[in-house]
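Both complexes shown next keep subunit A, but they swap its partner, so subunit B is in the first and subunit C is in the second.
Moving on to the complex of A and B:
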């Protein structure tokens, strides 16, 4: 197991190298740069000023030199300074990443809380009203755009019922209770949408498993149906669900920009998006790099979880 | 008496401003609902105002970063040599008096004694010099802030409380450039922490900033401003900025009680909000925060005389195709006014006798387009993605030009791409806007004068007579004469059509009934002499 983990972590290096090179090249290909942003709309077209600014931000050097210098600093744990805020990039990341991870993780948790019971019940009570309800609910979740569902939640729970705040963020380390009240709506908006996919997946995985011989054997040995479903069938059916949830979590880490905007959630998705618009290269690079690490580590954890669910799964 | 400012955004008179600062009889002007109740309402010291804004600062160094005075909470921290009053006249602030030499090339400012920055450091002439030199450093000063000082040749310190600014060329407008916006003063002794904990000299002190989350400012107890009774300003204990980028998210935050004041309601929501919630909220109209226009690329392409002998005819055809009333209704939902010059009626620089751009006449547009050389050229309209009205105006103009037979495409881009297109002349029409130039030279001298870098970079308009008028106006002391000169420039612009003014950009703010003593000015909501958040106070 340990050797497997070390090997997987070692695989991170080439993945992240390719990732950073790609991001560096893509950002370089975008029209305009930080100097254009700084020069702004006042049209100070003095070539001397442009040259001075390019020197100040290191843009007078070829891209491969800039990349090598950046990589050299990153290896030493230095992400540099944001070109826009002039604050350490680490500080910017430490503001956005915990907020995003918190939201995404709880969102996926909500999704699992909805999807696993619903998918399981739908499979066990196949072709009954419960199954139909589960299928219609998940179809609605897939069909309704996330932002629209989020707005509906805000209108209902914040504006009309006044139960929850409509937008904002409080760190759980500052005030856990307040933090949870701010978290509920965005987490439910994420969870509902993601649950729509995982409910269907859980249902079909459960149906597959329930048709296997070991389930018949368990039943013929006289095990109670609850034990057959929850102890044997569900554990095996959870593997694809867990895989998809891991991928969903990874996807959410960089992809909640719309929800972050609706709920004024100060996450990393919005920060990276703004950094791209402002051509704040160090922040874009570091943000993508750190998210890349989180995604790879999340996938590793998902793989390890297979083993916990089913010890027969070989980690090779 | 109306619940929603009731004055349709008219500017306050000096007398009203005085009254506002005492907050004794200001219910009509500032949106306090009941005149009977207002008599009892004396400004209360204390309270925290939570301000939901469209935007957040991108950094804390107010020299390096542009601080947008409508929607960056950090604006409450800034102070400058001079202030504006509610009528946009420069009035004393850090400087108590100022004067220009006969040739208007040297401006002398006498500073008040005993003023401090937020860190307790004395505001003296050396500190002002340090600030201005820092802003003028192209590696530091933001282009917008730096451009306000672009006439400065050098700064000298006469004595501890007298600073002299020597200009490269005469300017009658220089004093309006050294107001807190954008030329604000930072404490030199705290510059090493300016990116994490800036120290200004405005009414509020910096406390904390979490990007895209909260900006916390607290009252600066030693702020020099007082109300008419001699009570120190501001009244509020604290100001918390809460950026909410989306218009409806911001409005919802106001309605759910998460913020006390918001900086803008979407134009489409204004009428409904007032109709349905007017009894519970105050609204204020900021009459003009900018002027929208569509500019043509005169440097190259079918609208340029260099490439097309019928360029003016083609621009005139485009002007005839544009329905200003349609833009007024569809983009601004009937808010604000159609623009025929740069300044609206709410500005003291509004010109009365401006000759209009060509009237909407699609048949004439079609007929001119057929006759004009280059009428079949493929045209590109661009718009910046920052403000919805720019994009929506661009979309409408696109549709109107297509209707008239132009072969045109429309693209929306972020600022760096737009800049790149300006630099390369890779566009034909630009849906844009300009704002916050209090003195007209800030617009005409930077964006219409043919030798101005911005003019050369963006549309490349050249008209000798226009240049003469702008340069003469810059050194004219008589305000009436200056106003007429700029009106004449707008008439020529409307004839030559390097750009077509489309609309004055209004802003409708809203707040709970707990907010008192607040009225936004043309110069923005945060602060001006006798108003804005300096005189705001909270009830309950």
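Moving on to the complex of A and C:
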């Protein structure tokens, strides 16, 4: 196991290399450079000043040196200053990421609450109307764009029924109850879509488990069907479901951009999106890099957890 | 395999065929017709695939026939007829600028489906050779190639698309170039998945004897990898590509919903939906139609892909 963990961590190095290079090259490929921006705002284009500025920002050095220097700063957590707010980019990230994690985690929770019972029932009652309904619903859930679903929810629950606020955010540490009312619609919109994937997965892994011999053994020992399903089968079938939910959570951190925009949720996705619109590229660069690193690390942790839970998986 | 195995197969077959009943000989036909007949025979096995196929046929039919069946110019504004409800003149009503929604949906769909198909094709075109060659050569080549793919997979959610679309905007690429960049981004983001899938199949396939046989008669590496192995691993790739088409359409719609797609007058389901949000209280239907259109299209691809998977992978279909 230890050797495996070390090998997996070693694999992270090239992945992070590709990630950092892509993010660095992205900014390099933007037309013009930071000096153009600075001179543009000052309103004077003196070759002397330009040269001085280029030297100050290290633009006269070859690209690999600049990459190395940039990487050195990034490793120390220095992503530079936001061009719009003039605050350190790290600070902007620190405010956005918790809000997104809050939304995504509750969304995945909603998804599990829908998907696990639905997938289990569909598998137990295979090829009955219940199963077909579950399958059609999950197929529809995958096909509905979440931003449209969100808009329809707002239309129904905010505009017609007036039960929930249409958009906004309150920190759960300030006022938990108010925070939850703002959270319900976006979290359900996320949960509904993710549940569509998870239901299918839970159903098929339940079917896999139910065909195994230990289930027959349990039945032949006279255990009640309910106990066989819930105590033995479901427990094993949950392993892939939990694994996928972990991966979904990581991917959602960059995948809630649209919902955060609709619901005015101050998360990292919306921060990156607005940074793109306002040409605040240091923030874009940092945001994408940090989310990418979170995804890679989560993938690793999920993989290791999967192997711990399921020792039969070969350590290939 | 040895002679013994071949013998066993023959015996099994002979037992399997009931005596006295001749196996019907298939009628002679051309290669292409045989292929189509075969595909049709297989498709009939899955209701899901058939439903998807019918929906797709309607969709592609509408895309091709758009210039004929659209009733209005999709970008012509009419101040007097703003936010009109559905009527005989405007089947689905008009939007905030008095443009005919039915015609806008048709033209928007035509563009959307074209971009999605080109993007997925591009993804397959780079992903398949990448994955096949990586799996075939194995060793260090494979390790390096796959780490690059892992790196690309590390971009969460929409971010990779956001980056590429932003670059396109900064470089002031407009019209067709903007679309090309979108196709490139969507295809490039599909590439890692294709490459991994293709590589996995190749790893299993290259152990088989026909590969060794090809090598023995002196075929080159590229010829073996692309001509011999590739045809044997296409089915999971086809299924994957079909489902991906639905996903790509969702992504394009999401990007235009965010205002990063085509600039305004062009009909576009995502940006039309986004614009309709401002009139949700007075004319909610405007926000419903583009959404339904997206659902229909994505569902069609998903149904067809699901059905194909059942047909091509009977191990799963048995459930």
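We take it that the second predicted complex is superposed on the first by the 243 of 316 C-alpha atoms of A that agree within 3 Å, B and C clash if a C-alpha of one lies under 4 Å from a C-alpha of the other, contacts with A are read in each partner's own complex, and residues count from 1 in each chain.
Note that a residue touches a chain if its C-beta (ideal position, glycine included) is under 8 Å from a C-beta of that chain, and two chains touch if they have at least 3 such contacts.
These figures come from a predicted structure and were not determined experimentally.
Using the contact criterion defined above for the overlaid structures, shared-chain residue A:29 touches subunit C, although it does not reach subunit B. By the touch criterion stated above, A:159 is placed in contact with subunit B and with subunit C alike. In the superposition on chain A, A:140 makes contact with subunit C only, while subunit B stays out of contact range. When the shared chain is aligned, subunit B comes close enough to touch A:92, but subunit C does not. With both structures placed on the common chain, the touch criterion links A:292 to subunit C but leaves subunit B unconnected. Within the superposed three-chain model, A:168 lies in touch with subunit B and out of touch with subunit C [touch as defined at top]. Judged by the touch definition given at the top, the superposed model places A:124 against neither subunit B nor subunit C.
Once the two complexes are overlaid on the shared chain, A:244 sits clear of subunit B and of subunit C alike. In the superposition on chain A, A:264 makes contact with subunit B only, while subunit C stays out of contact range. According to the touch criterion, the shared surface of subunit A, contacted by subunit B in one complex and subunit C in the other, consists of residues 30-31, 151, 154-155, 159, 261, 277, 279. Those residues of subunit B whose C-beta lies close enough to touch subunit A in the complex are 58-61, 64-66, 138-139, 142-144, 146-147, 195-196, 210-213, 242-246, 248-249, 252-253, 255-256, 258, 414-417, 419-421, 423, 446, 452-458.
Subunit A makes touch with subunit B in their complex at residues 30-33, 36-46, 49, 52-53, 56, 82, 84-87, 92, 95-96, 151, 154-155, 158-159, 162, 165-169, 261-264, 266, 270-271, 274, 277-279.
The touching residues of subunit C, counted against subunit A in their complex, run 144, 147-148, 150-152, 154-159, 162-163, 166-167, 170-171, 246, 250, 253-254, 257-260, 273, 277, 280-281, 284, 287-288, 290-291, 294-295, 298-299, 302-303, 306, 316, 319.
Within the complex, the subunit A residues that touch subunit C are 11, 14-19, 22, 26, 29-31, 126, 139-140, 142-145, 147-148, 151-152, 154-155, 159, 204, 207, 250-258, 261, 269, 272-273, 276-277, 279, 284, 287-288, 291-296.
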